[in-house]
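In the two complexes that follow, subunit A is the common piece, with subunit B as its partner first and subunit C second.
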Partner chain A sequence: MASTKRKRAKLEKNHWGYIFIAPFFLTYLIFQVVPLVDTFRYALTNAKAWYTDPSQNFDFVGLDQFKVILEDTYFRDAMYNTPVMWLMGFIPQLGMALLLAAWFTNEKIRVKGQGFFKVVFYMPNIMTATTVGVLFLAFIRPNGFIHNFAVSIGYLKSSRMPFTSEWFGRGIVAFIQWWMWYGQTMIVLIAGILGINPSFFEAASIDGASGFQTFRKITLPLIKPIMTYTLVTSLIGGFQMFDVPNMFAIGNNSAAFGPHVTTIVIYIKKIAYTGTTSVGKACAASVFLFAVTAAIALFLFWIMRDKDEAKAKKAAKKRAKEQAALEGGNI
Partner chain B sequence: MNKLKRVLSGTLALAMAASMLTACGGDDSSSSSAAANSGNDSTGSSTTDNSGAPSGEKVTIKVYTFTNETQGMLDRYKEKNPDVNVEFDVTLEADASTYIQKVGSALNGDEAPDLFLADADYAQLFAGYEGTATLAELGVEFDENDYYSYMLDFTTVDGNRMAISHQATPGAILYRTDYAEQYLGVKTPEEMQAKISTWDDFKKVADTLKENDIYMVSGIDELKRCFMANRDAAWVDADLNYHLDEDLVKEYLEVTKYLCDNEQTNYADNTQWKPEWNEGMVDGVFCYFGCTWYLHYTIKPNCLKTKTGAADEEGNPTVADSDYVVGNGSFGKWGMVQGPMAYFWGGTWWYGSDKCAADEAKKAIVADVIEFYTCDAEAMTDYAKTSGDFVSKISVVDAIKDDEAFNNPFLGGQNHYQYFAEAAKNVNAKTMSKYDDTFNTAVNNATLAYVLNGASMEDALAMIKEEASTSIEGLK
Partner chain C sequence: MANYSGAVKTVKGGYHFRITLVKIFVYIVCIFLTIIAIAPFIIMLFNASKDRLEIQKANLNWAPEITNKTIASLLPSKSFIANGKYLLTSKALGLPFGRGFLNSFIIAAGATILSVYFSALTAYGFTVYRFKLNKLLYGFIMLIQMVPTQVTVISFVEMMYKWNLTNNYIPFIVPAIAAPGTVFFLRQYMASALSLEMVEAGRIDGSSEFGIFNRLVLPILKPGMATMAIFAMVTNWNNYLLPSILLDDLDMSTIPVLVGKLNGNKYSTEYGAVYWGLSLTAVPLIVFYLALSKYIIAGVALGGVKE
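And then the complex of A and B:
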């Protein structure tokens, strides 16, 4: 009798664990999973936001919405702007982060005040993206320092003229993305480098490898998994870029190059909330964005895979097959 | 040990409960203090509280608005009606598309506003929303024949009047009389009108002023409201057929390009409501395209150089009544004429929600507020005299338009009421549609492309439809 009681007490303890984690999973289910699945359903309809369409009737229209958005020049512009601005920011961001990470972890250089620099480099990431957007908007306004500088070097013909160049606009957005994120990437990469077995570096220095050689032949290959992580998370974030370019593209304070920094999410927000508030169309655009991001992410995983390991696996399989064939022959 | 555990857990539980309480308390006090502080009218809330007269339970009315006028108007209402025990919880969102989205998504939920306001750009849109109560449902009673009809027709859905405005909003050109006299030799509004009665004349005046380093207008979209109100038909009809008034839009783009190319704008990309837009009101810009509310709520406070009122949330000084003196900034140096085209701009329509109509106590107050500003002749006369705003009730306008109270010191003594009473008769809102806000954005972007980014006229015109059809599904 006593023993069964004890057993039940134990079971109840397990039970409590599930209860404690339940609120998260329930909230996640209701507020994330259900809308997520619904997005796919609505993408096949011509639904409008319920408040503009009291009847709330909508029809399933198959893949028509996808056809509509793909024919929309503004969607194609957004499809172009977004990856371009992401790459313009990401390539220097990764380069800078790699360089700083290599310096900070280099035993020979031993950079002083590392903690201080790490904090300083990470700082822009703590700020709200919107705040940073407003800050840079102030810089490029008439009498802002970038504006004044552009006038003084003759890039702008008059102090009354705004920046209009589309590449300047994309450049500003890319610069902000770079500035905000290289510190974060650097921290991740440092963690990756510190995870490498130090004996590799020792062996390299005993063999007389230069700093660059060590970096290329040891550091880079061994932080590949971390690089993949950085690349894929940044890709996802980059395709969903919204808050910074939104400051330049929409609203009373938008810049003259606003249309050229419109991203996919800005486009989605626009069709979902203005005009006829076409929810179906917005969902189709979201699903399309998801598909594109997923495809590129999978492709990245594929090119970043460990080729030696894959080869070894293949070879092992082949050997096993041969072995089996041999054994079979023997019988 | 066990006892210690019990004590510890007890304390923890208490602490948690306490923190919840403080959280709620904090929320409450902050919202009420915000409501009390944010009013421009300093006497507003305190008189209500001290009078001791309010009867019944305190009713909180949730208000959504797009304009900073509203808070002052509601405070005024409270001040004049001390026996109504009400608190207004005002949410202000100035960006049009954000505001539309906010109202639209809140309207049928628990957080729905009781009273909400709309600008002309989306007044028709709100009228069509499910969740908007009709004026009859709210119990607002008025004589339809006593109003400028465009204002009521504008927000009528299936014969139901959904909203009413306290103002009519004919437009004008506000120009600097001192520059006019110095550089153009113009002394009266009539002479000024003769100088800028066509757009070609307007450009000639701009050229003359440019030679004297005065900018004709503030920025790229200054002429937009004037031109767009003169379209020959709405952008879309009920079946979403697109209509472009090609000649008018072309002329608009050409005049704007002329002004920008010749640097006759204060800042080429300056648009209305940008921070730099106000700059020219103090000095350096010859004219602004404004209307009734614009005169009192926009240009008058912004033309001042010295402001001595209490600091606002951002630490900038606000305007005190004593700041309105001739010689402070450009106060008193403005005149008003019609210019090349008559037009109207904006307006503020009042709506009640279905949620409000279902609650007797709230309904009574919301109806009272609306009637206070749109029906009550005495209150409207008083409002018109103190604010200078142009009211929508014709009998009130006729009674007061010749009153000397409207010899506006801001306009150097010109009577703006007489002018607006005349201009209001020409207002035609048949050219407005539900989706004007979308078309506004589209026109803005087309103007940017044509004027500053070198797009061809053809492309710019095509852009308007293209961009609009992105947001308006089924545009033909």
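And then the complex of A and C:
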């Protein structure tokens, strides 16, 4: 095909690939891989925060830190609150997004002003999570409008008494998560539905399928990969929930919710940088977070996989390979 | 809508009537959601202009009958400037928001420029060159997108303490060079936007490999890079966990860290000032969002169809 000389030139040029990708991998190594290894290393020691113990005289303690955190009721609270608050927000988030996506893509309903609704529903997602957290905290504090409403309907006895119910605390965090994310999920699902080959819908319409039947039998199965993707990314994000619940877990104004809205990351930060500043314990909790997230994500991928999709993927891979071979020939 | 009620008798009319009912229901839900999305911001802005007593008194106006007082308590009042002065300049409550905007801007802009440029560079390396580890390393980038970033936070902070990089911009800007999600997006974008013949033509013209990338390829990638830049800007601007640990000097703090402080005890009765601070941080983002909403919504839609 090509002369030896040209082949060699090609080879030399291809070495440039390593130079182009080097900054990424060097940065990733220093700022992500090294800390990840450190996390596993610290988890096996009784290390304290560097600013309380600059000499870093710590001992190897094996798996003791894992035992300690698993017996810590505060950590157990966090392990319970985090998935519960995530689910309380995620189920209505996916439900609302699916409903809106079905309506917005329905030819018969033809919702006007979709562009406007998309912009409005997505808006909370762009806001600083701390701003949103402090704002809703101001609403539920005595003299905030939600608090006042609860007093006026008799849910709270006094205008000076704060909300104390643990489920109200988890509920408001879940509500904020829902409020910030259903618009994003809706836009993603609409894009997925619009990407479906229209001939499927035509065929269904000719066969006399109702709107609901079409949605259940055609739309839902075909957007399953996108829903899996949404589910897994939301789960990974949900287990790392910090900014919003943190506003309801710290500070005297909201101490009523403290342990009831504490998430794993709140626990990690608190254990590492307050009190005895136990970095060892915090890293053990981080390893735990890593393992739990990975296990659940893999499990979700596994139950949501289907055979057709696996086959399609194989075919796509083959196609990509062919294309790569083609491109390789061009250069 | 009333004309439809007469048409119920015929089969076709019944169908139209049903569609109309569904339509009405859809619009009611959408308008309700619009109110839920916007109302918190409106209340925030209006409360920023009220003094402590006015906010406290709004308390009593949830009575079932709507009076003039109820309406007055909902509308903006006249303490907007006083609240602002209080929050920005008072000795007891003042927070350096001006400096905070500058810090946030330096961090967000720095991180955005680095992440977009180096992600394009990385994606280009994977797209154009056929080296041995290409597939393997790209697979690695796909995989690390899934690693929960908060897992390494504590060790990262410890490393920064050791390197004496607290109250410094570096820990927030330099690591942005490695942004796996952006690399993934730009690789996809290049697959459709970049022709390899052009790279070849650049080589024949005698350009260096970096010259080809900087002068020929970057201009073509501009739309894709702009989309990623918007999202990088917002993500870095809103980042809270790491800055809240590493920036303990108020004059180095970013906006989310300063807003987080409004949660503290000394603001527990300064309602107006708190709402004022929240508005100050929310309004620029809302303006930014509305100005770029077309690109942002399109970007969200693109990001989802990753499979």
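In this section, the second predicted complex is superposed on the first by the 279 of 331 C-alpha atoms of A that agree within 3 Å, B and C clash if a C-alpha of one lies under 4 Å from a C-alpha of the other, contacts with A are read in each partner's own complex, and residues count from 1 in each chain.
In this section, a residue touches a chain if its C-beta (ideal position, glycine included) is under 8 Å from a C-beta of that chain, and two chains touch if they have at least 3 such contacts.
Predicted model only: the values in this text are computed from it and were never measured.
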Superposition on subunit A - do subunit B and subunit C clash or fit: clash
First, second, both or neither for A:A204, with subunit B first and subunit C second: neither
Touching partner for A:A78 - first (subunit B), second (subunit C), both, neither: neither
Partner chain(s) touched by A:A49 [first = subunit B, second = subunit C, both, neither]: both
Touching partner for A:M127 - first (subunit B), second (subunit C), both, neither: second
Partner contacting more residues of subunit A (subunit B vs subunit C): C
Contacts of A:S286 with subunit B and subunit C, given as first, second, both or neither: second
Which of subunit B and subunit C A:W103 touches, first, second, both or neither: second
Which superposed partner A:F20 touches (first subunit B, second subunit C, both, neither): second
A:T276 touches, of subunit B and subunit C: first, second, both or neither? first
Partner chain in contact with A:M227 - subunit B first, subunit C second, else both or neither: neither
Residues of subunit A at both interfaces, subunit B in one complex, subunit C in the other: 49-51, 141, 250-253, 273
Subunit A contact footprint on subunit B (complex, rising order): 94-95, 97-98, 100-101, 104-105, 107-108, 125, 128-131, 263, 265-269, 271-276, 435, 437-438, 441, 445, 448-449, 452-453, 466-468, 470-474
Touch list for subunit A against partner subunit B, complex: 46, 48-52, 54, 72-75, 141-142, 158, 160-162, 164, 166, 250-253, 255-256, 258-259, 267, 270-271, 273-278, 281
Touching residues on subunit A, where the partner in the complex is subunit C: 13-21, 23-25, 27-28, 31-32, 34-36, 38-39, 42, 49-51, 100, 103, 108-109, 111, 113, 115, 117-124, 126-139, 141, 143, 145, 148-149, 151-153, 159, 179, 183-184, 187-192, 195, 225-226, 229-230, 232, 236, 239-240, 242-243, 246-247, 250-254, 265, 268-269, 272-273, 279, 282-283, 286-287, 289-290, 293, 297, 324, 327-328, 330-331
Residue ranges of subunit C in contact with subunit A within the complex: 19, 22-23, 26-27, 30, 33-34, 36-38, 40, 43-44, 47, 55-56, 58-63, 118-119, 121-122, 124-126, 128-131, 133-134, 137, 141, 144, 146-159, 161-162, 174-175, 177-178, 180, 183, 196-197, 199-200, 203, 209, 213, 234, 237-238, 240-241, 245, 255-257, 259-260, 262-265, 268, 271, 274-275, 278, 281-282, 285-286, 288-290, 293, 296-297, 300-307
